[in-house]
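Some structures to go through are shown next.
Note that subunit A is present in both complexes that follow, paired respectively with subunit B and with subunit C.
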Partner chain A sequence: MLEQNRRAFLRNSLLAGTAVLTPFSLMKLLAGEKGKIISPNDKIHVGIIGTGSRGHHLAYLIKEYGHEIGMEVTALCDVYQPHLDHTHAMIPEAKTYKDHRKMLEDARELDGVIICTPLFVHAEPTIDALETGLHVLCEKAMERTLEATYAMAEAHYRTGKALHIGHQRLFDPKFLRGMNKVYEGDLGKVTQIRAFWHRNNDWRRPVPEDQPELERFINWRLYRDYSCGLLTELASHHIQVANWVKKDIPVDVRGTGSISFWKDGREVEDNVALIFTYKDGTQFIYDSMIQNRRHGLEVQVLGHKGTLELETNNFFLEDPPPQKPAGIIQLLHDLEENVLGKVPIGSSSWDPEVAMTYKGEPIVPENLTDGTWEQFTGFAKAIREDKPIPGLFEEGYYGSIWTLLGQQAIDSGKVIQIPKKYNISKFLM
Partner chain B sequence: MRDLIIPGNRIKTELKFLLYCYIAANIANIYAIIRYNTEWIELITWQRFVIFIAFIFYAITIVLRILIWSIKKLTGASGKAQPGN
Partner chain C sequence: MKVFHHTCFAMGTRFNLVIPNMEKERGEDLANKATRILNEQEAIMSSYREDSEVFKINRYARQQKVKLSGELFEILKTCDQYYKKTRGAFDPALLGVTSIIKSTSNSQQSHTDLQSIASGWKHVLLDTNSATIKFTGGKTGLDLGGFGKGWAMEKIITYLMAEDIESAFISFGESTVSVIGEHPLGGPWQTTVPDIHNYNSPLDLDLVNESFSISGLKIKTGENENRKSPHIFNSGEVSIVKEDIRILVKSKSALEAEVLSTALLAGNFEKKNQILNTFDEISVFECGLKGWHKK
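On to the complex of A and B.
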């Protein structure tokens, strides 16, 4: 059902420019209340809170391609002046703020907010924006703690405003088509999902030499007060995908982690491994490291009939159709057999079970996008229609919650289950 | 070392043999495509292999011609016969 909604949404998003107002939405528009329905011809004005590397990149995308969906950046906010100046130089017409509350006071000019602040300061601007009546696109993971994540969810359901979490794979055509393959049974019964994300760098951002006190401010990803490192910054994407494959959340998670290479004062692990178990017995095995990039990143969905490798756009059948050799090869082979006859050779009692050499087939013919821009298309649609896309928030929420529970499993060495209070099904009744 | 002189006639003959071998290899490819019901695009995509087969055919003709020339020599046939003629 969720998949159908998503496909319908992607299809409809192409028609966003010709959307028709309903009588109900027209009444809301005439009432002039915040949460107005926006005419397809009107521009969507968004503010960006957090103009570091990700915020700057998203601002760039909107500046370059925003005309396709009628979106433009009219406000920028950051407490760090160099970042604010850098992005403002790209979009000089945008107003600048150092305090998000001041920006939200001018919210009459805004229709939505994009939050790209560090993880531990996602909740406050998100909740403030939702309560101001704005729709929010917040980068993943949602927050540093379970409580703050839940508070964001509560604000989303209470205000009825869209809260999209930056899981762009939900909009990536190869992931969408891959999910269809899973749900249509092309993979058979999926009993294992494997994912990994490997890099080879210290994951540090440069700190101005004359301001060493900015180390924790700039490299917040490396400190436990602000981040869960590889888990919140990378794993949350693949945890969301695993839940999406299973249309469920795990029963429990166990894990381990260590600082095994980059012993430079950081507090977050540089080497982690987690196993999530689903109630049908499916295991989701995840690992991440930043001292070897040979295998890069991948999500492998393993069923008894086939395998998906979603990041690299590949689908493999367990029993691929036999490859027919070229005619002339078959002719030579037959001639050889007729002349020499078959020579019986005893086969070995055991063959090494190395990987299949079969190259598979692409999930989608052309792998042109990672879904980041399509995510904006969805956000624009939610703003125009003044309502969230059904099911989208829950994907982000449980992706974040299970990421934090994974960290708990590593820290405690125990098998962790989700506390009942963080189940949000009560909001969906 | 003495210069080796290959008469124009001989070059022409050898090129003819090579052409016949190339045609024969292509005919074999067409036959194989029909017999094993494979794709006609193999006429193009397998050209490198067809050329390789053509050279094998050509090598076989050389062996055969040397054999025929040797037999003629041994049985005292007309003395002007040379390999390849």
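On to the complex of A and C.
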């Protein structure tokens, strides 16, 4: 493509950049990194900011499996001493900090940082780390406001350092392979995507009895100043997936939500429903609730030839191919080997008149991971090559932006579109 | 040896065609044509597809005479012959009854209820002069389920033989199986059918230019436990099949095998014997609790 054309193309495509993030390239990346011999001098040192529930879990993964990709946690930072102590006990060799700026003063000892603070504390440490010259993996969603989210994007493009957002489905083999199926036309024309996330619990974390003043600090996800609840903490994942399926961003979103069950002083909805519309007419229909867990979580991609159920690793064809009965398989085998054998008709459980039941097929042979570990492989590669994986950040960005726009739709009762200023294709010219 | 294999979904079951000593390219041509034949037959005979000829007849023939296509006219004349020859045990117009049975939640309806339903071939007026059909019974409807696969199989065999195919193995959902010629290594094609109650004593069948068809009812079967069709009908008579039985009919004609395997599932012993006596060159096997035995 001529440079001029390329620029025009990028300008015209809102999700510019994503065009180059093919599931195939990520699959290749994961396969390529697997089993690589890493020299002891090539260790990657990371610091974790926010050692609460997620931060502790990620620290554990790196401690256990980091040797596979040559990654080590050498610094931990949290403002809350009990959490810092808890993770430090697991990784005693790591340096500890109570202020992320202090940690960044020792940036020479680090190659990257992983940010697991609450949603509203994502932008500040992220931007500080990028400006210090470090690569960042920041948990999803990006931030509490559109402005802060955009500021993070701006810092990423300005510094040229990688900013990965913790939408781990981008590295989940079943999602990667599923996305390939979509792009290769195995599903036919996709005109609807449905996703839901249902739980049955109050979504509260325990607060120390003698320190009730910590309620908002610990249960930050229940309060509007800090979080958009079900949207930023859960829906963000599936919104990213829907954009990924469509290789596009929505035209608009409408929605509704309420606090209808857990009326305990929380400020975020306990049930929500959203519809995102894409320019080809596709709808992405999302709902979430925390007072019934019967249906769990799922993303369904519906095309005229097939359906993906990504979370549960299933693919269904609208017209399933007839399966070869065992007898026919044996007959073919015998004939090929020039053997005169008996053709077994049916089996003990066979019922000649009953139509077959079709249970679909797995997308990947075994559903062993949710991509959380694999995303570190991508992060390690970006750090070693000192450059972002093309197209990856944009997935996280628009996934986060449209999550916040979904909240706006619920709050305002209006149909919401993306304000022009949050379009980041200008950075990609 | 080189073997060609084609499989597709047709007429509600999976169709498998195996042709030994056949190159892929020519095999595919043959398979395409065979698939087209199946689709054409399905478009005529399906009672589910809203665009099929039978579906339209079932909708309109209660009110008025409906003109038949040449093919369906031939089919129904053949059905009429089998209806007569089997003394009504083969009845291709019981759609109404079967749908009533399927829709009622318990299948314990009384015999008399079911017997009084105006359904079946005796309520069909097939006018051979004008090639039209009209139903005289309120619940009559064509259901070619026990006929269509046999009819289509005959067409496929005729086509393949016209194409000089000397050896082939063809299966329709493993319930209707036909072979052309001998096994390519010489001698008959050998098949073996399991005994549904005692898996150690299967029925071995040798086939040369022959077909067999199996019918059966599963009354208690794990996954399909809730299927409710312990009743079998012929010509308005209800038989209750209590046992889980299978009837296998082997014949030179795939159609005859298909028609008889359904007809013989029902009816009392005497009637079955009468039917058997009117057909030559067929072998009938029944598999009940005591395993397979020849009739």
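Definition applied: the second predicted complex is superposed on the first by the 352 of 429 C-alpha atoms of A that agree within 3 Å, B and C clash if a C-alpha of one lies under 4 Å from a C-alpha of the other, contacts with A are read in each partner's own complex, and residues count from 1 in each chain.
What we mean here is this: a contact is a pair of C-beta atoms (placed from the backbone, for glycine too) under 8 Å apart; a residue touches a chain by one contact, two chains touch by 3 or more.
Computed from a predicted structure; not experimentally measured.
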More subunit A residues in contact [subunit B versus subunit C]: C
First, second, both or neither for A:413, with subunit B first and subunit C second: neither
Subunit B versus subunit C as contact partner of A:206, first or second or both or neither: neither
Touching partner for A:327 - first (subunit B), second (subunit C), both, neither: both
Which superposed partner A:92 touches (first subunit B, second subunit C, both, neither): neither
Doubly contacted subunit A residues - partners subunit C and subunit B: 324, 327-328, 331
Of subunit A, residues touching subunit B in the complex: 324, 326-331
Subunit C - residues contacting subunit A, complex: 1-3, 5, 7-9, 12-16, 18, 20, 169, 171, 173-175, 177, 183-187, 189-194, 196, 199, 202, 204, 214-216, 218, 221-224, 227
Complex interface listing, subunit A residues touching subunit C: 319-325, 327-328, 331-332, 335-336, 338-357
In the complex, subunit B residues that touch subunit A: 28-29, 31-38, 42, 45-46, 49-50, 53
